[in-house]
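One chain, chain A, appears in both complexes that follow, with chain B as partner in the first and chain C in the second.
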Partner chain A sequence: MYIKDLYAISPQKTHDGSFENGDWLILNEYIYKAIEPSYQDIIPNAQLRRMGKAVRMGIGVSLPLLERNAKPDGIIFGTANGGLEDCIKFLNQIVEYNEGTLTPTNFVQSTPNALAGQVALLSENMGYNMTHVNGSLAFESALLDASLFFDEHKEEEKSILLGAVEEISDYNYNIDRLGERFKQELISNNELLNSKTNGSYCGEGSTQFYISNNPENSLAKFTAFKQSSYLSQNEIGGFVSDFLKEQNLTISDIDCLLLGKNGDVSTDSWYQEVEQLFGEKPKVYFKKSVGEYRTVSAFASYLAVQILNGKAQHLIENGASAQPHTILIYNHFDAIRHSLILIQK
Partner chain B sequence: MTTNREELIVEFKEHLIKYLNLLDLAPADIQNDVPLFGEELGLDSIDSVELIVLLDREYGIKIKNPTEGRQILVDVNTIVDYIIANRTK
Partner chain C sequence: MAEIVVTGMGAISSIGLTIAENLYSLKHEISGIQKAKHFKSHYSDSLVFGEIDQSDESLLQELGLEKGLGFTRTTLIAIKAFREAITNAQLSLEDLASTRTAFISSSTVGGMCYTDDLYHDANMQGKPSEYVKNYEGSDHALQIVRLYGMKGITDVVNTACSSSANAIALGARLLETGKVDRVIAGGSDCLAKFTVNGFNSLRILSEEPCKPFDTNREGLSLGEAAAYVVLERKADVSDTKKIQAVFSGFGICNDAFHPSATSDDARGPRMAMELALKRADLKPEDIQYINAHGTGTPNNDLTESFAFSTLFKTVPPFSSTKSYVGHTLAAAGVLEAIYSILSIQNQEVYPSLRVEEPISDFPFQPTLKYTPEVAIQHVLSNSFGFGGNCTSLIFSACI
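Now for the complex of A and B:
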């Protein structure tokens, strides 16, 4: 699957391209909120006023990509929670108004597939339209679906708008924080990985890719990916080695490692296992930039493509002497759901 | 409960802005006699359902007949007149 174009709204300045050109924001917040562009020129006002943040960010990423590229044959998104804030509002209204008349807007916006549907409506796209709501492997599921789509259409040139979105909801953030998924104390993101406490910081954003089965003028390609659940710390090395073997690669073929280390002492040891496997390889800890959320592997993929194209080099630790051509992303959520994504130039 | 018509108009417009997320508007920006559905405010069919919910929740009015709804949900004046005549709270 060849990546022809990409765009992201995130807690860093990806919306205007300054993040990949070296502008890295130090975040001193409990919540890493996405920096949104002005939508006035992108989204019609009548629609914008109804949109929750997830839908707004998603469409804010989709429409510029669709404007720059030919109409895709399908739209495939992954999201763990979709428009969570609207969903909570809607559920609360059921109680508050004693199951009486409910407003349609919160309901419409809160369904996870509202984004893919609205993108299709706004761009008049009648093609394949799918949203994968599979927790912290939602983006990986969308990747798998896109891969199956291209497998079914090997003989003809096809393209897909592939992506992910996640928004922070106050309600869920507070519950997750009580459960120590997010830190009780405040430290800045450049100190995040030195933390000795449980939890990380919550992030959000939308990342999307315009992908095709035609390699011409591509920025990079999704070569392979793999997911697994409930791997113990002892099993993670084998999971990575098996994946490389399946791709006829060895550790020396990987130029750069992107790791989802998030400063949570209870689960970062899985990443340390993988780091030991790769020794002194150049690496990037992408959650220092955008925090933790369930579809953050889409952002990691965005970052990988930027690095493969000579950008975002300032984020590489153990800096590479040569331009990377093969990047491996390893991410897990709560040390329960694990994924590997291989991206190559 | 507001009984003065002018106060009710302002209160209704505030509800209108909140329920329909017309956040770039102030009550004074909405003319009393300009059709709500059309070019001026650009409201659509989903907004008409939001308006029905607004009338139910804020004034205890249930509009069940679509024909009746079309005569009521015309502009601010027609809606406020209907509220004055039919409100239950």
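Now for the complex of A and C:
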């Protein structure tokens, strides 16, 4: 699967491309809010007003990508939660008005497939259309779906708009805070990995890729990916080395590691386990940029493509080596669901 | 492409807690849509629902699960149907734990089914509820993955009312491309204030039990269900007696018209049916029965009928089994797939119940009575959802 184009709205300045060109925002907040561009020129005002944040950010990334590329044959999204703000606004109405007469806008906007549906509608695309809500593996599931699509259409040139979106609302922030997923104290993203406490900080955003089975003029490719749930910590090494073996690769073939370390002392040891496997390698801890959220591996993939193309070099720790060719991303959520994504030039 | 077959089925709905009970009700025209016994809502008295007649407590007990650990009703009914499907397909615990086994589920309300607990947690009103880590749409699937130690590919899709039809298609694609050797696919959705109020705000709920394809239809009845099928490649099934039906093809597309209504020319529904026929290498005249999406809303039944009229020279027998169970949202696609397979196995058509005056705009009408002894080789099953998601599936008799 060849990546032809990509765009992201994130808590860093990806919306105008300055992040990958060296810009770095120090984030000193509990919530890493996405920096949204002005949507005035891309989304009609009447529609914009009705859109929840997830749909708005998603459309805000989709439309520019669709404008500069040919109409894709499919639209595939991953999102753990979709438009949660709308969802819980509607829920609050249900409870506070004791199930009285309610307006449907929040309900319709809250369904996780609202984004893929809206993109299809706005771009008049009747092609394959799918929304994966597989929790913290939702983007990986979208990747799998895209790879099946290309497997089924080997003879013809095909393209897909593939992406992920997640929004922070006060409500899901509350839920995850009660679930002890976030830190109580405040430190900056620069210090995130020195933290000695549980939890992390919450991020959000939408990352999308225009991918094709034609390698011409591609920026990079999704070579392979793998998921698993409920591994034990002593299985993680085997999970990674089996994956490399399946791809006929060895440790030395990996030029750069992108790791999902998020400053949570109770689960960061899983990443250390994987780091040890690889010894001294250039590394990027991508959650220092955007925080923790369920489809953050899509953002990690975005970074990988930028790094493979000579950009975002300021994020590489342990010294930048020669231009990397092969990047491995390892991410887990709650140490329950694990994913590996291999991206190559 | 490899031939994909169904080797196991499990279902729980308002017309039965097992496949056998569902079949009995279908044959005897017993509808499950009535006043709710277990579901508590402002609308419990004024509306009717396709409610599963088993309480959460009874489900917990039957499944041997402890109370207080975050098992939602979505999860409980999912586990029950999942268990029936894997038993029916004679899958061992080793099979389930194998990395060559995939699990593809779906849900719309997911873990958000207890609206009041969610309200409490989302607004931080005191101590967290037992469900604070179980609100995601994928929670029911993750619980099953944990309970059965599943190590292979898992996925959960949400394309609203076509969700589990897409889960089946995705499962078949994983088998066709050789990614896995067996798939359990389906979905689960339980009644929740969230969905009841959502559909009510759109003014598409019927006060009386729904009557799809009737001129005076007033909307849909909401139901709850969970159902799963086990899919395998035919070439891998050594005991051919296990084969219940062939999954011949599917079509997936988007209507690209409106967030919550179907286009007047029904271009999406028609395209989904055409794509399914193409993939199954069949012509419209090869279809002997259509299990329609047939929600009972004015918009759906009219546009779906229009799509039939443009695609088929002679429209084959069709009906909406939502007249038995209501609209079970994410579970509807797989439940109706199972009813389609039962139609093939028993060579009979289960009718659209309660139709008094069939829609008069077309020269055809749904099957109104239980009809045995119908030669059925291929069945088309439709599922269309909010967001424009259209999916058609084709199941065939195994020869």
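Here is the rule we use: the second predicted complex is superposed on the first by the 345 of 345 C-alpha atoms of A that agree within 3 Å, B and C clash if a C-alpha of one lies under 4 Å from a C-alpha of the other, contacts with A are read in each partner's own complex, and residues count from 1 in each chain.
Keep in mind that, in the parts below, a residue touches a chain if its C-beta (ideal position, glycine included) is under 8 Å from a C-beta of that chain, and two chains touch if they have at least 3 such contacts.
Here the structure is a predicted model, which means the values were calculated and not measured.
After the superposition on A, what does A:45 contact: first (chain B), second (chain C), both or neither?
In the superposition, A:45 contacts chain B only.
For A:198, is the partner it touches chain B (first), chain C (second), both, or none of the two (neither)?
Once the two structures are laid over each other on A, A:198 reaches no partner at all.
Comparing chain C with chain B, which touches more residues belonging to chain A?
Between chain B and chain C, the winner on chain A residue contacts is C.
Using the superposition on chain A described above, determine whether A:135 touches chain B (first), chain C (second), both, or neither.
In the superposition, A:135 contacts chain C only.
Classify the contacts of A:190 with the two partner chains as first (chain B alone), second (chain C alone), both, or neither.
Neither partner.
Kindly classify A:112 by the partners it touches after superposition: chain B alone (first), chain C alone (second), both, or neither?
Second partner only, chain C.
Based on the superposed arrangement, let me know which partner A:69 touches: chain B (first), chain C (second), both, or neither?
After superposing on A, A:69 lies clear of both chain B and chain C.
Should A:229 be classified as contacting the first partner (chain B), the second (chain C), both, or neither?
second
After lining up the shared chain so the two structures overlap, which partner does A:218 touch, if you call chain B first and chain C second: first, second, both or neither?
A:218: touches no partner chain.
Overlap the chain B and chain C contact sets on chain A and report the shared residues.
The answer is residues 100-104, 108 of chain A.
Over in the complex, which chain C residues touch chain A? Could you list them?
41-43, 108, 110, 112, 115-116, 118-119, 121-124, 128, 132-133, 135-139, 141-142, 145-146, 149-151, 153-160, 166, 170, 173-174, 176-177, 179, 193-194, 196-198, 200-202, 252-260, 267-268, 271, 385-389
Quick check: in the complex, which residue numbers of chain B touch chain A?
Residues of chain B touching chain A: 19-24, 42, 44, 46, 49-50, 52-53, 56-57, 62.
Flag every residue of chain A that touches chain B in the complex, lowest number first.
45-46, 49-50, 97, 100-105, 108
Can you tell me which positions in chain A touch chain C when the two form their complex?
Listed in rising order, the residues are 75, 80-82, 87-88, 90-95, 98-104, 107-108, 111-114, 116-118, 120-121, 124-135, 137-138, 141, 144-145, 148, 151-152, 171-172, 174-175, 177-179, 227-230, 336-337.
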